[in-house]
Amino acid sequence: MAISKVVNGSIAACDGVKSGMTLMLGGFGLCGIPECSIGELVRLGIKDLTCISNNAGVDDFGLGLLLQQRQIRKMISSYVGENDEFERQMLSGELEVDLIPQGSLAERCRAGGAGIPAFYTPAGFGTEVAAGKEVREFEGKPHILESALTADFAFVKAWKGDTAGNLIYKATARNFNPMMAMAGRITIAEVEELVPEGTLNPNEIHTPGIFVQRIFQGERYEKRIEQRTVRNRETASNA
Amino acid sequence: MLDKNGIAKRIAQEVRAGWYVNLGIGIPTLVANFIPEGMEVEFQSENGILGMGPFPWEGEEDADLINAGKQTITAMPGAVYFDSATSFAMIRGQHVQLTVLGAMEVAQNGDIANWKIPGKMVKGMGGAMDLVASAENIIVAMMHTNRAGESKMLPSCSLPLTGVGCVRRVVTNLAVLDIREGAFHLVERAPGVSVEEIAAATAGKLVIPDAVPEMRIN
Amino acid sequence: MAISKVVNGSIAACDGVKSGMTLMLGGFGLCGIPECSIGELVRLGIKDLTCISNNAGVDDFGLGLLLQQRQIRKMISSYVGENDEFERQMLSGELEVDLIPQGSLAERCRAGGAGIPAFYTPAGFGTEVAAGKEVREFEGKPHILESALTADFAFVKAWKGDTAGNLIYKATARNFNPMMAMAGRITIAEVEELVPEGTLNPNEIHTPGIFVQRIFQGERYEKRIEQRTVRNRETASNA
Amino acid sequence: MLDKNGIAKRIAQEVRAGWYVNLGIGIPTLVANFIPEGMEVEFQSENGILGMGPFPWEGEEDADLINAGKQTITAMPGAVYFDSATSFAMIRGQHVQLTVLGAMEVAQNGDIANWKIPGKMVKGMGGAMDLVASAENIIVAMMHTNRAGESKMLPSCSLPLTGVGCVRRVVTNLAVLDIREGAFHLVERAPGVSVEEIAAATAGKLVIPDAVPEMRIN
């Protein structure tokens, strides 16, 4: 029997999150982002945050909401397009940006959670990403040394979760969430459906509850779609 | 001369049954449309799916199912979802047989620049640096020249690099070119394009064999 | 649609496996081992194998069968007890043994499959495992550099698999199988139940088919239990 | 003096609600039997389960469900299975709050030796080196002396090390001792055991406070 990690909504979940902290936020684009926690971070009005997230949301959704309130001092991401306010703050120097290859970002989060302080990767060798980093050849191929990332708080979003913090993600909403869950000193999971411990099949759990310190069932998920691309049944020539 | 679909059609001819293929945003995405019916190919999208299918029917979009371009997609039978660390494990570990991506510049030594223009807003490299640093088989899909008419096939890249010495083949609106031994080697001409036109549009060192067949695009 | 990876049984699966090769074999103890493939390796009679496997089986089951035929030149494992023939060959110098901490073994296999040539870990610092390895401090704590492991062939055992090579493991029979599946240049999966592509839930797959080159449904699984520990209903004082 | 169950009972008193605990083979395994009814503790077994339960009822053994000692086990409600890389990510990443393991020797600087005796068959370290190198909170459970009556609490280990400077607390048949500042600090005496007996059985530097309470074992 695991202790219950359930907290009463996003306000209780974000207890202790303070200005100046480093936060990880799961999601790719707007897919699988911790909507409810982001809403609470906006309400808290904390500032000078370092946010580790693959993307920075759009102007009026996701991390864009924190950017609008100028709560973020530094972003650590792989791709930050689709966000005018981001661009303005970055060009004006208000916002510091550390761009990292997507695979290195994912692996650095996993390393942070897995007690691996650093690893070698070929990604970014010979580019400005390699500036100041150790280069070493393995089997004749140059690699650069990348270090682990951790965070004071990690915010992840799952499809289903149980009271012990075990999580199951849906489809490509999984993305960065499992690694960030590992890398948070305190990891807060919001889920669409919270179920009792013992309900989930132990073979099917993506994030073991040991990585999760607080869990709550989110409300009113918008799950906004960034690029709605469809086939039209009438005009489809081949299906 | 080829249009974007023509470039995609030509690249589709490079794909073999049983391959796992990663297609970048833009022209590369179109390649999926020209894989021969019945050829068993699986598309990887680096945000976390193998077995990516076409766009959903109107009204069947799922916010939890997107590709690396953040577009709503579908999953084919036999698809599988995974986290981003596993996704790039596939890429870095060379389990993906073909990567097709766009470029701003390609150099005769195989360097590629496709993520940053100094002085302009930098959006980030996304997964491009991981892809080019790892893939054994990288095809660049792009126009031979930029909008100002300047060659994108250069002696060396002027823009910040995405990867070094990694591009093996380039398919443009004008030609198919292989990169080896520090030069572009002309392999095929686009329909109706002369060797002279290709030479004029290629700033880097170009090796022209005695015979340069025209592409077969149906 | 993925190409079918199905081969007709263990004989076809092991095509190309030759003397002198490096093989990975999934399983922990006798749990989750590729029984049918091991049977075929015995039948093939190939020699001078380097076997990467967490354990070495028991005298008459698992890798012990290969040891009895003296087919293994070198074992790379974390724990090799429960095997008299192993002990005899090791003490006589016939068998070379490389002992690796279990977590480092798992991570080195994952690294091999993930294109990470090397990483730092605290495990083994200050012990003979660290001999000859680079030591580096991160945040004041010493770590040693460990390199990736790969294999000519990896043999894994799953519960269910589909024709595209997607695998689902059962309970703790998962153990080393997923990482070894990643690290084999050719990975051969044997499964208790082979199903058509599209049958498995894409959210529930543990090993994506991209890591698997050949798959077959095994026959007559013995699934021997190494330590049968039970509670007796009659004598149980508390339940 | 305590027997093996007594040592396990005393260690069980160290466990707090909400902890994830890894128990090694031997005496440590017995600790699970003495966790107070209703206390929410999850047991990790490093081969790939969180939420390990007791042995199965006779006839309900599952070959696919074992612990790190290769014994058949059961899974509690809320259990989860994972691969060995993830399992050691939990351990190395310090997500496990308590590790209990046995030892052949413990030194006054916290070194531990528990995997190899030169000249004898070496079976391997299994997960022990990962566990001791990573855990913040390591308790060693062992007899105070070996079968020859020699102390296992030493100035320095004579056997090949499993880990350096990592042991914080030792619970033996004679005493509870903490390790800090290069010495064993006597914390509690086992029932009926005198400070003199403990001192006689401890070869390493032993710090004895003015008052050494007797353990409360019920």
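For clarity, chains are labelled A, B, C and D in written order, and residue numbers in each chain start from 1.
Everything below uses one rule, namely that a residue touches a chain if its C-beta (ideal position, glycine included) is under 8 Å from a C-beta of that chain, and two chains touch if they have at least 3 such contacts.
The model shown is predicted, which means the values in this text are computed figures rather than measured ones.
Colleague: Between A-D and A-B, which chain pair is linked by the larger number of C-beta contacts?
Modeller: If we tally the contacting C-beta pairs, A-B comes out ahead.
Colleague: Suppose each chain is reduced to the average of its Cα coordinates; what separation in Å results between chain A and chain C?
Modeller: For chain A versus chain C, the centre distance works out to 32 Å.
Colleague: Taking each chain's centre as the mean of its CA atoms, how far is chain A from chain D in angstrom?
Modeller: Distance between chain centres: 36 Å.
Colleague: How many Å are there between the centre of chain C and the centre of chain D, using C-alpha atoms for each centre?
Modeller: From the centre of chain C to the centre of chain D is 28 Å.
Colleague: Got the chain C residues that touch at least 2 other chains?
Modeller: Residues 107, 110, 114-116, 121-122, 169-171, 202-203.
Colleague: Where in chain D do residues touch at least two different other chains?
Modeller: Expected reply: 49, 75, 81-82, 85, 88, 91-92, 134.
Colleague: If you connect every pair of chains that touch, what shape comes out? Choose line, ring, star, complete or other.
Modeller: Looks like something else, not a line, ring, star or complete graph.
Colleague: Provide the full list of chain pairs in touch.
Modeller: The set of touching chain pairs is A-B, A-C, A-D, B-C, C-D.
Colleague: Can you list the residues on chain A that touch chain D in the complex?
Modeller: Within the complex, chain A contacts chain D at residues 1-4, 110, 112-116, 162-164, 166, 182, 197-198, 200, 202-203, 205, 208-211.
Colleague: Provide the residue numbers of chain D that touch chain A in the complex, in ascending order.
Modeller: Within the complex, chain D touches chain A at residues 17-18, 20, 40-42, 44, 49-51, 75-82, 85-86, 88-96, 134.
Colleague: Please name which positions on chain A make contact with chain B in the complex.
Modeller: Interface residues on the chain A side: 28-32, 54, 77-82, 87, 90-91, 97, 99, 101-107, 109-110, 121-129, 159, 169-179, 206, 223-233.
Colleague: Applying the document's contact rule, which stretches of chain A touch chain C when the two form their complex?
Modeller: Touch residues, chain A against chain C: 107, 111, 114-122, 136, 138-139, 141, 143, 147, 168-171, 202-204.
Colleague: Over in the complex, which chain B residues touch chain A? Could you list them?
Modeller: So the residues of chain B touching chain A come out as 45-49, 54-73, 75, 81-85, 87-88, 91-92, 111, 121-130, 133-134, 160-165.
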